[in-house]
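Next up: some structures, all given as structure tokens.
Shared between the two complexes below is subunit A, which pairs with subunit B and subunit C, respectively.
This part shows the complex of A and B:
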């Protein structure tokens, strides 16, 4: 696999400023996406994963949302500081996005073929006829039967699964370098979900784009992703290959997440849960944001925020447990009594 | 679509019957006897009685009503009590004038209303938005007869740019049409603004942005078409009050239209004239509503007209 970096997000901070205060929805997110690779971003609702994905293309509702710090580098060029016009040429062309809600993400009064074709005319300068033909071709490519007929229909005449396929066709029409998929299968039946994931993988092989896959479904992550970033309270707490993550989760939060999955071959009376709740984005604790819910929490966790440290070559983790300070405090703990 | 049209055309019959009945009964209830008014002041009792006999005003109400309806079905709206001329002839002279006035007024309502609404919605809470909305509020609050007099005073009397009254050239249309259309334009502007603001927050607008579309494409192609659906309803409703408004505006600007005809007829208790006028006005209104309903289908194929 080509290890060329396409998209790099550095210390991204997206805050929502209102009378209620400042909600730090995204608070220092870092990750790297390589060509042809799929990076999963997982975390529970409200952890900032959707806001991270929207921030990449500067699609957060503003006001009140604002990217206050950080960089989003597409082949080294910063999207955060570039002009609206420059960014517009990247949207839908070099970076595309699929949204969570296929039922509401398509314009209800425009034929779906036209909704795909307009991006082609805009970014690739195709004629009306060429764009339409390509649009029909794309609709066929995502596995919708009789694409010529479907292209002329409006979204209300299509099922949820078909609409999401249309969204995928739209996102991939201009062969982007990066595809951001924000929970693309959450609103769909499991059988349709599997089909959609298959289509995405298939097209990734053909086009070679990098995918950022936002989900809260660890099963889908295992199915789709090469790398995984686990998000908690606006930050990445663990970043490593999907295989290692499931085998040996490092961060206590990841351990909790994976531990809470129901297991098929074990007799469980009760599902494991993570005690406590996510801290409010208006008022994060000073120390580690997971400390309150963490079974390993010590003084240092409550006092000081951990940074994302390199654990091994392609693993980063944000936890005091994997730092020298932790080792020191432990040894001291043993010596003193 | 065809079936829908047929259905709606058939539905017009009971509506029109209802309208004639209500107008007929109201005219019976209003004080003042048309025979007395027609005979003039100081006429003898015998003369009035004779007149009543001639006009069939002493027959039972239901008989009067049924004979009226059967005549209407045959295209005879009766004769004016005042000059004995056929009501239909008078209406055919007056109707085009009122329709012309209504057409230009509704044009002002739509064009001005949409432009103002879009300007407001594109930059909400900006100075342009607040400015437009203050003007719109004024437009809704000003009574049309007062606005008409004001416009007349400024543009005709003081500046002498436009004719004061009458109905000869296109210049004569401008002030009455503005007077009549302003209130509607203000309502359409407010409706367009709120409808646009709602649409702009929808997921599909985010999709359009994510596609890299230009702002004007997002506004005019993706947002406006969806925002127009409730606006069409408002325009249809406005047309009703606009027809009512012609009564005032035609009086203010001395235009010999249908509205003024009805007012004059009411004053002289010219029952056939009033009934004929109201009948034609309601027919026009019913057809405009049919047009509006058909427009829904054009803008939103999801709406099943049947």
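This part shows the complex of A and C:
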């Protein structure tokens, strides 16, 4: 696989400031996305995965939201400090995005083909005719039958699966380097989801874009992603290859998450659960944010926030268990009679 | 366990249940269009079991749950609860039966009155069904809160003060308050995060054991269904395509649709999944369902027979029925 880095996110912090206080929705996220690679970002509701994706293209509603720290480097160029005008040339052109509900992202009164063509005229400077032809070609490419006819239809005339295909066609029309997919198949039925995932993989092979795939569905991650970042309370707690993650999760939260999943090919009497609830983003604890729910938690976890430990070459985990301090604290804790 | 169940008398018998919705005419003199959401389904629900209904959106699984309880009046067919016909009951009789058959919905927030405390809600439910004399209700409420894992002081709180998982626990407490025999769970855990979903699923299983409950569990999530069910029924466009014991359905699915559905589910362990069958196209509209077998437009094995003649739901093996002309050939 080509190891060229396309997108690098460094210490990204997006906070929401209101009279209730400061909600640290994204609180120090780092990752790199390589060309042709799919990076999954998983976590439960409120963990900051969608906010991370929106922050990349500066789509955070501001105020109250604000990127307070960090860099988002697209081929070395920082999107956080870029002017709005420059950023507009990148959005939908070099980085595109697809969302969960296509109906809310499509204009309801404009034919879908025209909506795709608009992006092509704007970003690629194609003529009206060229843009339309390319638009029809894209609609065919995402597996919609009779694309000439469909291109002239309005969103309400299409099914949910077809609308999501249109979104993909629109996102990929300008052959972007990065595609951000935020829960793109969550609203779809499984048989349709299988179709859409297959098309995304297929187009990735053809176009070679890097995909950031945001989802709460661990099964989808296993199908789609090369690398996975597991988010909890605004931070990435574990980052490793998808294969290793599911075989041998390191962080206690990841272990709990995978354990609580009902298995399709196994009978279980009782599901593993994670006790307690996620801490409020307005008031994160001093130490590890998972300590309160963690079965392994000790004094050090409550007192000090763990750093992202380099576990092996391409694995990082934010947990005291994998540090030297942990070993020391354990031996010190043993009372010799 | 499943073999014993079959000998038992069914608690709920659904026969040829139909639920059609007539659409408004768009043009005068236009023939009225009818959505056949549920189109003649027959099944039994035995005491103490969990029967799941699975299928994709628009297959009629939720409508089935609603017509059983007459939340929508069924168009045709019969539902017998302990031998008594629900569709023929008067409003008053029906109200009594609704104490025996309770529902838990997907979005607990939408089904809890935001202006009532948990205490008021539980009390109202018990008062309507006259489950206990008023002076004994307090004790019962505290018991219920304990059963569903909520602190007793939460009784005084309002729904907005709870998280999604806690709200679902409240929904469960309210359903249990009237001592039901059957609980219809309509996508009861679909809106929850997996770690919370696991808590609720464990709770439902425990309560079933403790109170001898019978569940009709409606869900689109086959992993959840595998975890909770004894038997599973697969629906497609208003019809039952396959019904079987859980292990038979998951280990040896017979209908091509069930096979495709199972293979489409993304799983974390990639080595376990068989070859993926990707179905062509979308689910057809229930307004104008295909002739013959409703699945023929997407079925890789469809023939002229499938296009013309509707297959009957036939028992192919013990406790395993399937509606496919070629089920036998395809299974071997």
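The criterion applied here is as follows: the second predicted complex is superposed on the first by the 330 of 337 C-alpha atoms of A that agree within 3 Å, B and C clash if a C-alpha of one lies under 4 Å from a C-alpha of the other, contacts with A are read in each partner's own complex, and residues count from 1 in each chain.
Assume a contact is a pair of C-beta atoms (placed from the backbone, for glycine too) under 8 Å apart; a residue touches a chain by one contact, two chains touch by 3 or more.
Just so it is clear, the structure is predicted and the values come from calculations on it, not from any experiment.
Visitor: Would subunit B and subunit C fit next to each other on subunit A once aligned, or clash?
Guide: Here the two partners, once superposed via subunit A, fit next to each other without clashing.
Visitor: If you stack the two complexes on chain A, which partner ends up touching A:8: first (subunit B), second (subunit C), both, or neither?
Guide: Once the two structures are laid over each other on A, A:8 reaches no partner at all.
Visitor: After superposing on the shared chain, does subunit C or subunit B touch more subunit A residues?
Guide: Comparing subunit B with subunit C, the partner touching more subunit A residues is C.
Visitor: If we overlay the two complexes on their shared chain A, which of subunit B and subunit C does A:118 touch? Say first, second, both or neither.
Guide: In the superposition, A:118 touches subunit B alone.
Visitor: Can A:292 be said to touch subunit B (first), subunit C (second), both, or neither?
Guide: In the superposition, A:292 touches no partner, neither subunit B nor subunit C.
Visitor: So, does A:92 touch the first partner subunit B, the second partner subunit C, both, or neither?
Guide: In the superposition, A:92 touches subunit B alone.
Visitor: Applying the touch criterion given at the start, work out whether A:194 contacts subunit B, subunit C, both or neither, answering first, second, both or neither.
Guide: It touches subunit C, and subunit B stays clear.
Visitor: Applying the touch criterion given at the start, work out whether A:69 contacts subunit B, subunit C, both or neither, answering first, second, both or neither.
Guide: Once the two structures are laid over each other on A, A:69 reaches no partner at all.
Visitor: In the superposed model, how near does subunit B get to subunit C, counting Cα atoms only, in Å?
Guide: Superposition on chain A places subunit B and subunit C at a least C-alpha distance of 6 Å.
Visitor: Inside the complex, what are the residues of subunit B that reach subunit A?
Guide: 201-204, 206-214, 217, 221-222, 225-226, 299-302
Visitor: Name, in rising order, each residue of subunit C that touches subunit A in their complex.
Guide: 56-57, 163, 193-199, 201-202, 205, 220-224, 226-227, 247, 250, 260-270, 272-273, 276, 278-279, 282-283
Visitor: In the complex formed with subunit C, which residues of subunit A make contact?
Guide: Touching subunit C: residues 44-45, 159, 161-162, 189-195, 197-198, 216-224, 246, 256-265, 267-268, 270-274, 277 of subunit A.
Visitor: Inside the complex, what are the residues of subunit A that reach subunit B?
Guide: These residues of subunit A touch subunit B: 57, 59, 61, 88-93, 96-97, 99, 101, 104-110, 118-119, 122-123, 154, 156, 167, 170.
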